[in-house]
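Structures given as structure tokens follow.
Look for chain A in each of the two complexes below; its partner is chain B in the first and chain C in the second.
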Partner chain A sequence: MQITENHLRVINIIFGLSIDHASRTLSKTLKTGAKIEMVRASVIDISKITEQMNENPREVSGAFVSLEGDVPLKLLFLIPLQGVFRLTDLFMRKPLGTTTEFNEFTESVVQEVGNILASSISNVMVSDFGVKTSLSSPTVRNDFAGTIFSMFVMEEAMITDDLLLIETRFEVSKTELECCLFLLPRISSLEATIGKIEVCK
Partner chain B sequence: MPINVANSNVVTVGVGDYKIVRAPKLLKTLLGSCIGVALYDSTTKIGGLLHIMLPKRENNATQKASKYADSGISVMIDHMVNNAGACRASLTAKVFGGACMFLVGNPLFDIGRRNEDEVRRVLQEEDIRILAHRTGGNKGYQILFDTNTGKITCGIFGEAPEEY
Partner chain C sequence: MKRVLVVDDACVVRMIIKGVLESNGFQIAGEAKNGREALSKYMELKPDAVTMDIIMPEADGIQGLKDILGFDKHAKVIMVSAIDQRESLMEAIRAGASDYIVKPFEDERIVTALKRVLGES
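On to the complex of A and B.
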């Protein structure tokens, strides 16, 4: 399918609203400012984007969630391994520096943040655009950022050389947490997705 | 443990792509279920690194031949020999990656294993000897290929890097 400027404009509106909602929900949960800004929605060659991800061998924790239904897409939340401790402290209302090792709590926190972000995005789709979605349970992996990102795009890359990728900038106030949130709508379903949303408008 | 390299001579390879360089340049990539095939000609110090995503280029395959083991290896060999000036008879291989990243019970869905099997078959068909390999497991790989020596430093997530 050929992605046009109009497609990208609609995607920017839909996901801009969704990400804004996710940002507010996460801020409430963490009781601190969590600012997620959409950087761009673009069609990008899989080799180019993975080359960028492979430049820096960061070790991260990643939460994967799939949305199925009228707007099929995948979500990936990435956080540096050291940042997981701070995120866990924020989440558990403990002083920063309390959590110092990986355990079931740290994994659950990453999983929960993935779930909160995906649910917020899904809620906007349902309430503002009237589409149907369902969420998978979040899956968490610790690994190199490039490896996790490759897992994220693998299914889409089997059927196309280009990805429709939504990139965000993600900051949590009073911390140095540098997280990433990626959304990957299924290109083959995009025409139907936009059709559904435009019908609902 | 990541291999940190601050070196402008390092060229990074993305998924389904390949890069060919000559010493003193280095090649690096990160792998999961994908396979990294490093080909090296020690006489000219030309090296190529191919990042294979899937074993076979089926009928409904995408345009990029370098994504697939059965088409990508021959494309890179051709480029190394006919464009970069490597000696075909001197080429040797090192193979990394092919982890089982997706927790599935059916071996048919173990893409890493299927990628490795196909890479070995193609390299045998091309009569290229595999000098070293590190494959399998369920963690990501980081590899750094030094075309000056032909050595590859391989770091698996959570483990100390080793040289091959």
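On to the complex of A and C.
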């Protein structure tokens, strides 16, 4: 499928609203100001983005969630291990600096934030656009950024050279928390997805 | 003191719910991390009520709810999920859930719901 400017316009609206909702939910969860901004939705070459991610030498934690149904997409919440400690303190309402090691609880915080973000996006898809979605339980992996990202795009890379990637930026407690959320809608199903949404107008 | 079984695949959520309940006069009967484990813990511990997540690996919360009610038709099971969708809510109601709480929730919401289903409000 050829993604046109018009497709990107619709995609920007759908995912912009979804990410706004996820942002409000994250604020409520952390009981502090949290903002997730959509940076861009773009069609990119898989090999280029994977190469860029491989240049990042840091270890990260990633929560993977799959949404199935009318709008099949994959979600990756990615955060450097140092950021996981900060996120855990915020989540547990402890003073920043309390958490200093990676363990079952820190991993569980990444898992739950992935779940909250994915559920929030799914809720908007269902309520505002009338599409059906179902979620998988999040799985968490810790590895180098490039390795995690390769796992994320692997399935799509077997079918196509291009990805439709939606990138976001996080700001928590007025501090940029270096984490990001990637959404990967299945390009092959986009036509039906957009068609379905246009029927719902 | 009423005893509650807390079911969620994320241990941090179990810990938060446990903290809220313990500081509001409930006792934690036990914990489980999926629907299947929830049934075996329910049979073993016979709690007064259950808080149950929905999206969990192996057996989800709706399955856990059905299984527990299959074992004890008077079981009080409160669903606690980030899924805020009519279909999910209706499925839980049809399966026999006592209440449905959307995450993130205020502490009081879960305490009030438990007291109500246990006839303490």
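Couple of notes before you dig in:
Everything that follows uses one rule, which is that the second predicted complex is superposed on the first by the 198 of 201 C-alpha atoms of A that agree within 3 Å, B and C clash if a C-alpha of one lies under 4 Å from a C-alpha of the other, contacts with A are read in each partner's own complex, and residues count from 1 in each chain.
The definition used in the following text is that a residue touches a chain if its C-beta (ideal position, glycine included) is under 8 Å from a C-beta of that chain, and two chains touch if they have at least 3 such contacts.
These figures come from a predicted structure and were not determined experimentally.
Looking at the shared chain after the overlay, A:120 reaches chain C, while chain B stays out of its contact range.
Look at A:111: by the touch rule set out above, it reaches chain C but stays clear of chain B.
When the two complexes are overlaid on their common chain A, residue A:60 makes contact with neither chain B nor chain C. After overlaying the two complexes on the shared chain, residue contacts for A:51 are found with chain B alone; chain C is out of touch.
By the touch criterion defined above, A:91 reaches chain C but does not reach chain B. Residues of chain A that lie in the contact sets of both chain B and chain C are absent, per the superposition on chain A.
Residues 46-55, 57-59, 141-144, 146-148, 150-151, 153-154, 157-161 of chain A touch chain B in their complex. Residues of chain B touching chain A in their complex: 2-4, 12-17, 28-34, 53-54, 60, 62-64, 66-67, 101-102, 111, 139-142, 155, 157.
Against chain A, the residues of chain C that register as touching in their complex are 9-13, 15-16, 55-57, 81-87, 103-104.
Contact residues on chain A toward chain C in their complex (touch as defined above): 25, 28-29, 88, 91-92, 104-105, 108-109, 111-112, 115-116, 119-120, 122-123, 126-127, 132, 135-137.
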